[in-house]
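We call the chains A, B, C and D, going by the order they appear; numbering starts again at 1 in every chain.
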């Protein structure tokens, strides 16, 4: 409502502002500051370069920025940073947001229209923020008879699961949240949760269309999980490891696996489209038949969270494609190394790795966006037929190629093409 | 508590009511419309057994506005603006047969140039309607590009009609006695260049939509309407032409100028969803040739509108005239009792006739085929309700 | 193989459009040009003159207050009502009663039959279509408002060239 | 009707969607006239047979007919038209003679115009006549079913506009099969067993004019709201409010 209330008075408005400031000051001085000091008293302060990081030292870095570098470096090493910022959630969310914007502009260009235009001066670049604000401010409607706990929990679980996949993706040498030896298996294990969440949510909505959508999601997942895993298995055969970082390193030692396993890459690409429920495989959300599928009863930020989750998932699967087939962060060195005696955050190798990784990921994401512009939705029987008959056979063909490469001595330890 | 009988005994003892599971309980009833994204102003109740539709009951009438009753209260000219409301995309055609019937009753003849302009407006409107229909067929199958392209190209035709008639959709242009106004300057060249562009675009549509293997998979062999069934159900327009009945009112009963125009009736043999969706495109291509001929053969000057009283009235009588609209034969049955107001007006519209085929085609199909089958019937809910 | 060919063709067709100029008319910044000044009618010849059917324009010096436009509108939209115009001093010699049409654009369907009905060249239509108002009362145009010639300037038209159609 | 049929079929043979009639489909004419269509997508230029009247002349001549056939009221127009008619085209005359030969005086030919024939029968004969029209003459579908209320005669006229897809030379023709019923107790036998295509038209006619079609499986609401409690709206004594 843009209009002022009838009895609006400027004096009261200023008075309420002053009242607000007063309460903030009271709370800060009486509650927040004592709490901080209590925490500082008990918690041991981090020790950086032989110096204890006291609040005094921390504040001096405002005057002497040079002294802040070790602090930042030590922060970059923490797991918290990895989880929350760089290879973790924030990085994924930013790429997801960029994906949404790129998708809208890309599709608009293909369809001879303009796309978002007015939010933000330049070509509607702030449209996403506007959409987010709109979704946050909307009322969340829960259907009567819905299972409230699951209905609230499912969107959060969806985002969390999507972020958990991101945690396993190495974005640069050493830059991975969880560098575990069974990384690939863990990825597929986590991906297996998504249809379950969809099914739970659709059941909890207590409505017919979501129910059909949830069941379709389950069908789709079962039909495509097997070719998905099989196509990744041939990568494991070539690299000899399940650790994603080592998969990338083995590609750096020889060549990108997409040259040896093009069919597997194709199967992986198709299966990940199905996993992401993108057109032409968006049967669980087919709006012409089952309104919006399992998203029918969502409203407000519940819908926003589910969308955010699905776009983070898009990033995760695109990044997985890059790691498995496109050599991860490998690429020619374009960032100059700066020789300096002083402490520096900038590391040319890492910057290069991040650059190439992001570039390749965006390339794959664009490839995943392309089918939305050119194909209609396919039917569920064709989908199941594709998954069970065609893709599994294709995946097996390329696995035999991979085995032949290993036993023929072309790849693998001491192979012909291993540098 | 092993057998079902024991369970019944137990429940009787406890006073519970137990209902045996019947075949009906396996079915899930879905109400498609009127607030469903895939229905329009229309509702049909379907029951699904697993993924298969086993029951379909159309329930139109959500946009019924009693056009036929309204006609009895207004005189001949005043009926025109409200009669074109059912299909605002095809308003030239829906007024065309009305004008023909009134002309037959009143006994006037349209000047030759007027007949040409009337046919031009009608053909342009057919393009507008069919492009819109095609756009919605695209989005029903999840093809958003196919929604945007025809919608954009439809704008070209709408601009032409705007220059010709003065309104974007509800033209009120084809009236008894001819047309409202002559064509504006430079219309012919503009029309020819835009038709040429549109013909180029049809190839793009075929590339991205009709020849797309996914679209073919979804529509080929789906919901086949055999020739015998099509005749028996009395469907019309592109639906009956897709079932190898080459019936087109423009050819069968040429009205106005159409017997001087050389064109072919486009039809297909298969009768499946693909044929029903492809015949309108063929029709549009044919319509482009018709437009070129019309523009070519049109006399350079002359009257466009027969002199007509403001309240035209003829002797008592009855007339039934039909034209080929975007959705098939569109007929008006008008009874006149000698007063300026018609005694009875009955519209026989293609959508209403094609709706009869919906239950026959939908039963036995998969749920995912529902939008493909439904919209392939060239059904416009507002027109069917009238 | 045919299906693969179909895919390749559709991808080619889709990606070809990434470099074609957009078709969208950016409405508030761009406006379409129209043919002529709007729909007019020549009662002598009994035929209209092509033009856009937008807001009406009323020529006070020609209107005789004959009510034919209101009668024509009666069964269509009932948007035209005849109202008294001006005070006692202001007399038109052709319009003794001093009544002229007042049009309610909340009801008007822009069919233009009132223009066809006017035998005195007094009521025409113009290119103005931007008639939105905040209240229903503002949609009722008095004869004085109808006499104002609207300012409408279209600046773009559809351009068709080798690479497609666009508004420019 | 549709629903019942469909379910039965489904039980019988699964996912088939062939509508079935008890009294279906043996028209010899359709087989003679049926051309083998070329492969799809294909085109065919269809010629209107020369023996029908040139259609370009239709509006003028029809209008002339209407002029000469002027009578006081439409109900009476019927009787006088047939007499004052100019010579009808031979093809239509042939059709009419075939009907006359079969039924004699049971069928009253109201008028014969180029491309339009109107015949009137009594309600009890309509199914027989319709069967003959379908099987022997080749009028294989109904384009519309219109009802007109004549309060002066206390009658309602129902008109079946019959057309043909299967006979090429019949394509431009519309045969108006009419019958009249009493206005107070409007009952007519349904033609649904002869023409499948009248199903929804008759339903509409039932609710708009209040004619009960005996034998029609669903004489129910169709277009009007479910809570419609007034008289059928297309009867002349139903007035729109304020007019």
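Here, a contact is a pair of C-beta atoms (placed from the backbone, for glycine too) under 8 Å apart; a residue touches a chain by one contact, two chains touch by 3 or more.
All of these numbers come straight from a predicted model, not from anything done at the bench.
Across B-C and B-D, it is B-D that has more C-beta pairs touching. Most remote chain with respect to chain A, judged by CA-atom centres, is D. Averaged C-alpha coordinates give centres for chain B and chain C that are 27 Å from one another. One finds 65 Å separating the Cα centroids of chain A and chain D. One inter-chain figure worth recording: chain B and chain D are separated by 21 Å, centre to centre, where each centre is the mean of the chain's CA atoms.
Separation between the centroids of chain C and chain D, computed from CA atoms only, is 43 Å. The multi-chain contact residues of chain A, meaning those touching 2 or more other chains, are 110-113, 373-375.
Along chain B, residues 73, 145, 152, 208-209, 212 each make contact with two or more other chains. For chain C, the set of residues that touch two or more other chains comprises 10, 13-14, 23-24, 164.
Interchain contacts (touch definition given at top) occur between A-B, A-C, B-C, B-D. Those residues of chain C whose C-beta lies close enough to touch chain B in the complex are 2-4, 6-7, 9-10, 12-14, 23-25, 32, 34-36, 38-39, 46-53, 72, 74-77, 109-113, 116-117, 125, 158, 160, 164-165.
Partner chain C is touched in their complex by these residues of chain B: 73-75, 77-82, 145, 152-153, 155-156, 159, 162-167, 170, 172, 180-187, 193-194, 197, 204, 207-209, 211-213, 216, 303-305, 307, 310.
In the complex of the two chains, the chain A residues touching chain B come out as 107, 110-113, 208-209, 212, 279-280, 282-283, 286-291, 372-382. By the touch rule above, chain A contacts chain C in their complex via residues 106, 108-114, 117, 370, 373-375. Considering their complex, residues 2-3, 6-7, 9-10, 14-19, 21, 24-25, 30, 37, 39-46, 48, 54-56, 58-60, 62-64, 66-67, 69-74, 77, 115-116, 118, 140-144, 146, 148-149, 159, 161, 163, 165-166, 171-172, 174, 176, 195-201, 204, 208, 221-225, 233-234, 238, 240, 243 of chain D touch chain B.
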